[in-house]
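First chain A sits with chain B, and in the next complex the same chain sits with chain C.
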Partner chain A sequence: MKAYLSTFVMRWKMELQYRGAVIGGVVCQIFFGLILVSLYGALYRSKPQNLPLEAVASYVWLQQAFFRMLLSTDGELLDKIRTGGIAYELCRPIHLYGFYYARMLAQKLLGSLLRAAPMLAVALLLPRGMGLMAPVSLAALTVSVLGLLLGLLCVCALENITMALTMRTLDHRGVMAMLNLLMMFLAGNILPLTLFPDSWQRVITLLPYAQLLDTPIRIYTGQYALAQAPQALLIQLVWIILLVALGEWLWARHQKRLIIQGG
Partner chain B sequence: MAFIEVENLSKTYTLRKKRAGHFTREKSQVKALDAMCFQVEKGEILGYIGPNGAGKSTTVKLLCGILTPESGSARVNGLIPWKDRKIHARQIGVVFGQRSQLWWDVPVIDSYQLLRDIYRVPEAQFTARLQELTGALGLAELLNTPLRLLSLGQRMRAELGGSLLHSPKLLFLDEPTIGLDAVSKLQLRDFLLHENQAHGTTIMLTTHDMEDISALCRRVLVLGHGKKLFDGALPDLLAKYDTQRVITLRYADGRGLPELPDHCLVSQDGQDHRIVYSPDHLPTAQLMAALQTAGPIQELTVQSQSIDHLIAAMYREMDL
Partner chain C sequence: MDTVKLYFRSMRMQMKSQLQYPASFLMQTLAQLVMEGGEMLAVILIVDRFDRLNQWMPGDLYFFFGLMSVTFYLTECFGRGITGAFPGMVRSGQLDTLFLRPRGILTQILCSAADPRRISCIAVGTAALVMGSRMAKIAWTAPKALLLAESILLGMLLILGLFMIEAVFCIYSVKSVELVNAITYGGRSACQYPIDIYARPLRVLFTVAAPFALVLHVPAAYILGKPLYGWPGWAAFLCPLSGGVVFLIMYAVFQRGLRHYRSTGS
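Up next is the complex of A and B:
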């Protein structure tokens, strides 16, 4: 276990070295957030919806703040796979899946925390209807943080599956771009899932992508009442188990047939 | 039972080639290792040599448990590398000359501490081992520097240290001296000899640097196209191809060479003359006499061809 913890700490340290990149990312994400909330504001003025505007704006800000939790790939890891540097990892007395999982967890957790903190501070200061609303209750806040952590575990499991597929193809860009687009759409980053037609929502919220950020955001904004929260968290948990199992299976299968590039 | 036992080990790669303009894929097969057999005793240093593409790295990867063979068997200290990968991993250390195992952006010591945790090296043992390696490899000033700031020679030392932190019984070195300068190479060789003698570490070394081989290995195994071509002592290998001598000489007055018998290859560099000949066809004494009668000699040396020439001749003869 210590090996995976140390790997996590190591990747965390590495991520800290890239603090400079955070500022650029934050500015960019705030810019997008402002455009989106202005757009929804204008839409609501001409055609009010039954979902409160504050909830939509909050949804947008939380999605933007945790953008890096969804979309961040470990370039170094991909390079290792492509060039054969992974050979070293295979010579170690470790479980490869766990090793990569620890790396991703560190990158996604720190990467999004560093960005979310300043962004959420800004979003809380914006006027009502444009900014981030306060959580509906302290209990809701607590449960949504728990949901966010489960979402993090879920997204790392998803990423590990993408990575396993990458090992097959070597040229990851095509597969990855497609999977990422699908994820951004179904996770609610492009358009809040709460604005989808009800019949769509019933299906989409059950998919793995909705477990990442949509579920915790709904708990935060009160779309999911506290009474519904246990069920929502349970769905997250089920997906984590399924996705980890699938990822493990894919890795084990590939490892047997693995060909390491370069001599 | 020998420490490493390889029997009829074969590995074939399947390449899928994309043909330009078509979506059809051609498959082609490369037999990288073809029924390889050898044994290595504990504490031996084996030089594993052959031209590019001979199958050296493939053998190393198989014996590390990274690849699964197509057929044949291998045992290292009783374990089958690709079946017992995780247990086997504890007893081996590997250096792939063209890759890095240390983390690029963080100080070397951080990578070492991660390796300590991965191999579960007890703290006291780690401290002692680190101290030993720091002394032997001159790592003191490198440990707190991020890897990306190190020179190639420093980096290789750091990499080697990383591979040995857990005191493996067996060390694989796949072209470790590639790109290193003379001082770094000498340091590395001294260190490897020390490691081998002090801890009885078995070493399997692939390299194109024949001086590495002659400095470190009493035994060499030559392979080509995945097949074993020679397995034995280095002097025995060389004796077979060591048929030529090189004379370098300069006359006191800087004059040119006299008329020489046939079978001599002559070249000149300023006032220095170089004569390559084969003692079997032209006895050295006869050649010397001819050179001496021409005038007073200031300097003269007789040498064997360089080891690189011998190996090149051997590869030529073996049709590699």
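Up next is the complex of A and C:
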């Protein structure tokens, strides 16, 4: 356990080195958020919906703030497979899945916290219907933070599966890009899942992608009442267990058949 | 004329070289299709829920989306040297070699890269244009077709010009400056939808500073038979020229910037 913890801490420190890039990224992201909330504002003026506009705007801001959590970040492993450097990794006396899981967790957690804090501060100051609304209750806020952490565990498990799938092909860019785009769409980054047709939502909210950000956001904005929250968290938990188990199995399998490139 | 021939020849070569890895090319093209298909699906779902956006009907919205998509990805396909490869050329010192050759720097940059994977994005955009044009029942005439071509061509120049801002920053700072993405990629995201739905600050930004509205939206609205702000027909033909103006200004700035280029090579 100590090895994974120190992997986490090391990666955390590394993330902290790139503060300049973070500022540029945040300004850009805020701008994109502004474009989106103006678009939804205009759409709501044409035809108001049952779902309040504040909830949609909040959805947009929370998605933008935690965008970094979805973004796949660890290209290093795939490079190592391509160059044969993976041989050194296999020599380490630790479990590879756990090693990469811890790295990813640190990267995603710090990466999104650094960006989310300033963005959410700006979003809270914007006028009603454009900015981030206050959480429906203090209890909802607490539960949604819990949901967000579960979502984080879930996205790391998902990304580890993607990596395992691409481990054995040397050119992973195509498959990787496709899986990531699928994730962006089904996680509600391109269009809030709350605006999908209602019949689609029933299925989509059960998929693993909806567990990442959609569930905590819905708890925050009150689309999931507090009474429903335990059920929502349970679905997240079930997916985490399933995805980690699947990832572990795939890694173990592919590791055995891995071809070391060299030269 | 010679330069144009050289450019097309390089493009052919670039495309051919990318096609040498057919499986990889196919997968990446497919990924692009998923990306742009997702964007289009978002528009379809929005139309499904909201029916219309102010005076713009579903057909109009698909037309606007398609026009932006085709223009933007044609630029990324044929102007990859500026839109994608340039920061790397500065960082690696590869730009030095271009100064030694008896051709314009910009020509060489443009000749140095192409991105045929974008073809699937262009296809999605074209599909949206056709769908929009059918649904909006556009009565096509020769001037309208000409206007569409003008809009796309000058739109490409505009987008190239905007990406050149990043290139100029890059010459001075070596690092690529992501902040510029706000007007290039941000412009694409915002101007997939007609400009008049936005509040004044965004409208001013994308009409005056990065005139996507003048180059794409004014002609598109005219073609759709719902002139933007009620402007007359000749304005629709005149406005896209602003894209060319942006390109010329940025071309001059870029040439000045190159004089300050200091190689990173060791």
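The criterion applied here is as follows: the second predicted complex is superposed on the first by the 262 of 263 C-alpha atoms of A that agree within 3 Å, B and C clash if a C-alpha of one lies under 4 Å from a C-alpha of the other, contacts with A are read in each partner's own complex, and residues count from 1 in each chain.
Just so we're on the same page, a residue touches a chain if its C-beta (ideal position, glycine included) is under 8 Å from a C-beta of that chain, and two chains touch if they have at least 3 such contacts.
The structure presented is a predicted model; accordingly, all values stated were derived computationally and were not measured.
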Superposition on chain A - do chain B and chain C clash or fit: fit
First, second, both or neither for A:I35, with chain B first and chain C second: second
Touched partner set for A:G24, first chain B, second chain C, both or neither: second
From chain A, separation angle of chain B and chain C (C-alpha centres, steps of 10 degrees): 90
Which superposed partner A:P127 touches (first chain B, second chain C, both, neither): neither
First, second, both or neither for A:V175, with chain B first and chain C second: second
Partner chain(s) touched by A:L90 [first = chain B, second = chain C, both, neither]: first
Distance in angstrom between the closest Cα atoms of chain C and chain B, superposition on A: 6
Residue ranges of chain B in contact with chain A within the complex: 13, 52-53, 56-58, 61, 64-68, 85-87, 89-90, 92, 94, 96, 98-101, 103-106, 110-111, 113-114, 117-120, 174
Chain A residues within the chain C interface of the complex: 21, 24-25, 27-28, 31-32, 34-36, 38-39, 42-43, 45-47, 49, 171, 173-175, 177-178, 181-182, 184-185, 190-191, 195-197
Interface residues, chain A side, partner chain B - complex: 2-3, 5-7, 10, 13-14, 17, 76, 83-85, 87-88, 90-95, 256-260, 262-263
Chain A-facing residues of chain C, complex: 21, 23-24, 26-28, 30-32, 34-35, 38-39, 41-42, 45-46, 48-54, 177-179, 181-182, 186, 189-190, 193, 197-199, 202
